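Multiple structures are listed underneath, in structure tokens.
In what follows, chain A forms one complex with chain B and a second complex with chain C.
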Partner chain A sequence: MNHLHGIVRSNRSMLLFLGLFALIAVATQLSGVPLMQRIVTVMMINLILVLGLQVFMGNSGFLSFVHIGFMGIGAYTSALLAMPVRAKSAALPTLYPFLADIQLPFLPAVLLAALVAALVAAIFGYPLMRLSESAAAIASFAMLVIIHVVLSQWSAVTNGPRTLFGVLRYTDLMTAAMWALVIIAVAYLFKRSTLGLKLRASRDNIHAAYSLGINVVVVRWIAFVISAAICGLAGALWAHFITSFAPGAFYLAQTFVVLTMLIVGGPRTVSGAVVGVLAVTAVHEGLRHVENTLNTSGSLPFQVVGLTEVLLAAALIVMLAVRPGGLIQSGEAGSPKARTVPPQQSAHVAAEEAS
Partner chain B sequence: MTGGERRSTLAVESVTMRFGGLRALHEVDLQLHAGEILGLIGPNGSGKTTLVNVITGILAPTEGRVIVNGTVISGRPPHRVARAGVARTFQSVRLFTTLSVRENIELAAVSAGLGRRAARSSADDLMERFGIRHLAEAASGSLAYGQERIVEIARALATGCSFLLLDEPAAGLNDQESEALLERLKGIPDEFDCGMLIIDHDMDLIMRLCHRLHVLNQGQTIASGTADQIRRNPVVIEAYLGSQGAAEAAAAPTTDEEV
Partner chain C sequence: MLAINGLQVRYGAIVAVRDLSLSVAEGELVALVGANGAGKSTTMAAIAGVVKPSTGTITFLGQSLRGRSSEAIAGLGVALIPEDRGIFPSLTVEQNLRLGAYLRRGQKDLGKDFASVYRRFPILAERAKQGAGTLSGGEQQQLAIGRALLSRPKLLMLDEPSLGLSPTMVDRMFELIDELHRDGTTILLVEQNVRRTLEIVDRAYLLTNGRLTASGTPEQLRREVDIAGAYMGGRAAAAGDISEGRTG
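Take a look at the complex of A and B:
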């Protein structure tokens, strides 16, 4: 009993959000409103993406623009592996035989998608991990561009810049929610793991981390690969939810949404990432509703287009100016606060030690 | 210290370090043995921190080499030097400010190869040893300056190092704090079976703590020997201790270094 109590105590924040998201999923499912179910399913997938990004960005302090590219790699990999052979030959007549002739079930396809995204990250990401923070950010953007160009030009495999149709629909609300819960736990456990601790240490002070024998580049690289796998998984789930998509889906617009969620919420904490997804989804859907109402009511002499994006971008800027650490900056929501030492007490302690 | 036994030794062999046209170190030789405390002193800008940076692999020497127990470590990246048993503190304290005090120290033990549980109890022991057990859960970014210094030393020791290099650990401490620090540092070489090199401008602390002293001036060794020999050495008095005495040297503001 005591043991159980200890586990609950040290995982309060994680359990809080696991419970909350399970509740949201079940409530939405029971509501039976298709629009709500759609919105929440996409939110769960975005949550997985944002947590994937948080594993790397939050713990290492590096900024990455490439992760939506890994989402794209995951989406196409899983779509191709799980598509029925006949649909495949119709959609992609010039597909390589070894891909054209297989059809895997959902789960292996999704897991292989994560693996392929991880492999690409492992191979091309290593040089990035040696760069300084700002250089790595720019390089990650360049990497996103490369992935985008490959996806839109590799016609045999992706149908080029055109939409790929005929992907099977496997992902529903409960599937997405279940994976989201798994990844919430993964993100919390990673942060607390030895690797996570080393990574956070290197973010705080790289020279000190080196001086303890930590191979910062390797630690960063492993985190990058894990986070790419998570984003690849999210891409696979999304592909089997949307069922038809083009490479443009994995580019700047989606990158902006996901980065906004993470930065508004607070990249350093898992709870920040989670809260950011909730907040941005709510604002996003709310604004879209307002935009639609304005346009259909005809109360304005012109159409409002892009209001949602502009206001979200403005919100991001305001957030960076006012609260750069995000909504939840350091302590995880729901866990006992780290103690800070008031100056008077420190002076007192120092004097005590000297006597 | 008997001469017969084989003690682990860190040896700096005719190390020269140039930054462009500036020669920060010139053919410096120095040895540090397990069990001893060696003081490294000299005026500001004489190359003390640079020497520590060369030993710990942050800088690769222009010429010369650093050897630990017969293995050349110069040229290795800093994390591999650390794994060869060389730990350090920094002239400007470098803690992991978003981690707790315990996590800072625990991480050092983990990095040295201990399991999480063992690392934790080793961290607890070290905090006890240094009188900072009550700060275990505190965010290390919220500490008083003197406490930061102590945490950084405990963290370096948690790596299980054979050589501990302290860059001005008493800088910025008041007299009481320096005295407390001296008490905590004295026993380290015997207790942890390591050699300790300490840089400081507090001559009182240095003279009472160190078995041997090594004096740098403008990147060159100008003297080395026991505290008494150094105190009386006219070259050292001329270059560093000066006519106004060591007190002034202690009070002089130290330039904040890059690393």
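Take a look at the complex of A and C:
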């Protein structure tokens, strides 16, 4: 019993959010409102994306723009692997034969999608990880552009910039929610793992990390590959939810939605990332509702367009100015607070600081 | 154990250290003393592989350190505690210590070593679950030393461990270095506080403007060198003779 109590205590934040999201999923499922189910499914997929990004960005302190590219790679990989052969030959007549003739079940297709995204990240990410923070951010942006160009020009495989139709719908609310719960646990465990500790150490003080014998580039690279796999997985789930999509879905608009969620919530903490997804989704859907109501009611002499985007961008700017660490900056929400300093200790600290 | 020969380090056009030779034997406590900008920290940074020397040799246990990366040098058993202490503020005290132990080959006796660090620094045990960034300067210094000890270094390098500490904490720090030395740790120490340093070290090297100007046992140095003239600190400050010290 005592042992169990210890496990609960040291994982309180993780268990809190696992419970919360399980509850949201079940409640939405039971509500039976298709619109709500759709919104929550997309939110779960966005949660996986944001957590994937958090694994890398939050722990390494590096900014990455490329991760939506990995989402795209995952989406196309899984779509191509799981599409029925006949639908594939209709949608992509010039597809390579070895791809044209296979049709995998959902789960292997999704896992392979994550693997392919991870492989691409492993090959092209290594040089990126050797760069300084700002150079790596710009290079990651360049990499997003490259992935986008490849996806929109490789007509034989992706149908070029046009929409790819005929992907089977496998992802429903419960699948997305289950994967989201798995990834929440992965993000918490990664942060606490030896690898996560080394990565956070290198973020805090890179020279000290080197002097403890930590190979910072390799540690960073492993995290980058893991986070790419998570984003590839999210892309695969998304592909089998939306069922028809074009390369434009994996570009700037989605990148900024995901970055806004992470930055508003707080990239350094898993609970921050989770809260960011909840907050931005709520605001986003709320504003869209307002926009629709305004437009259909005809109370204004003009159509309101882009209200959500403008206000979300404004929210991002305000957050960066007022609270750059995000809503949850350092301690994980819900975890037990560190013991308070006993009085004679604080006197000692005060004396030292005064001297 | 450590031997440096003809070391020169440049920062662009500025020569920070020129033609420096020194050695540290196993079990010795050796200090580098000198004014600000004399090249003490640069010498340590060169040993640890943080800056690259332009000429000269650095050998540690018979192996050349030049051209090795800082993490490789750390792997050979050289632990540097930099002036800023190099702790990881967003990790807990315990996590900081765990990362120190990461370098060791086996995890054998890890529990015992943790216990001995906690015994030496009871405050760290008390604050094990607290963020390292919430510690005071003196506590952070203890954490940095504790973390270095957990890596079982063959050579411990301390850069200005007394910097920014309260007088009682400075006393404690010198006692601690003396204790570590008695326990057999080989230590290279950089300090501004010459008077206190000469009380505990086996030998010291005096650097002025990147050059070695004197070396020997504390007695020799006290007898032969006008420390007060070459260097601002300890007795010089007390004597009010600070006019010549600030040339570095």
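As a convention for this text, the second predicted complex is superposed on the first by the 338 of 355 C-alpha atoms of A that agree within 3 Å, B and C clash if a C-alpha of one lies under 4 Å from a C-alpha of the other, contacts with A are read in each partner's own complex, and residues count from 1 in each chain.
The rule we apply is simple: a residue touches a chain if its C-beta (ideal position, glycine included) is under 8 Å from a C-beta of that chain, and two chains touch if they have at least 3 such contacts.
Quick caveat, the model's predicted, so the values are computed rather than measured.
Asker: Give one of first, second, both or neither to describe whether A:Ser132 is in contact with chain B, with chain C, with both, or with none.
Answerer: In the superposition, A:Ser132 contacts neither chain B nor chain C.
Asker: Go through the superposed model and pick first if A:Asn205 touches only chain B, second if only chain C, both, or neither.
Answerer: A:Asn205 sits against chain B and chain C alike.
Asker: Could you tell me if A:Leu197 is touching chain B, chain C, both of them or neither one (first, second, both, neither)?
Answerer: The answer is both, since A:Leu197 touches chain B and chain C.
Asker: Can A:Ser299 be said to touch chain B (first), chain C (second), both, or neither?
Answerer: After superposition on chain A, A:Ser299 lies in contact with neither partner.
Asker: Is A:Arg268 in contact with chain B, with chain C, with both, or with neither (first, second, both, neither)?
Answerer: In the superposition, A:Arg268 touches chain B and chain C alike.
Asker: What residues on chain A does chain C touch that chain B touches too?
Answerer: Common to the two interfaces on chain A: residues 194, 197-198, 200-201, 203-205, 207-216, 268, 330, 338-339, 349, 351, 353, 355.
Asker: Which of the residues in chain C come into contact with chain A in the complex?
Answerer: 48, 50, 69-71, 74-75, 79-80, 82, 84, 86-92, 95-96, 98-100, 102-103, 123, 126, 129-131, 134, 136-139, 147, 151, 165-167, 169
Asker: Would you pull the chain A residues touching chain B in the complex into a rising list?
Answerer: 194, 197-198, 200-201, 203-205, 207-216, 268, 330, 338-341, 343, 346-347, 349-351, 353-355
Asker: Which stretch or stretches of chain A touch chain C in the complex?
Answerer: For this pair, the touching residues of chain A are 194, 197-198, 200-201, 203-205, 207-216, 268, 330, 338-339, 345, 348-349, 351-353, 355.
Asker: With touch defined as at the start, can you tell me which chain B residues reach chain A in the complex?
Answerer: 56-58, 77-80, 82-83, 87-88, 90, 94-100, 103-104, 106-108, 110-112, 116, 131, 134-135, 137-139, 142-144, 146-147, 155-156, 159, 176-177, 179-180, 259
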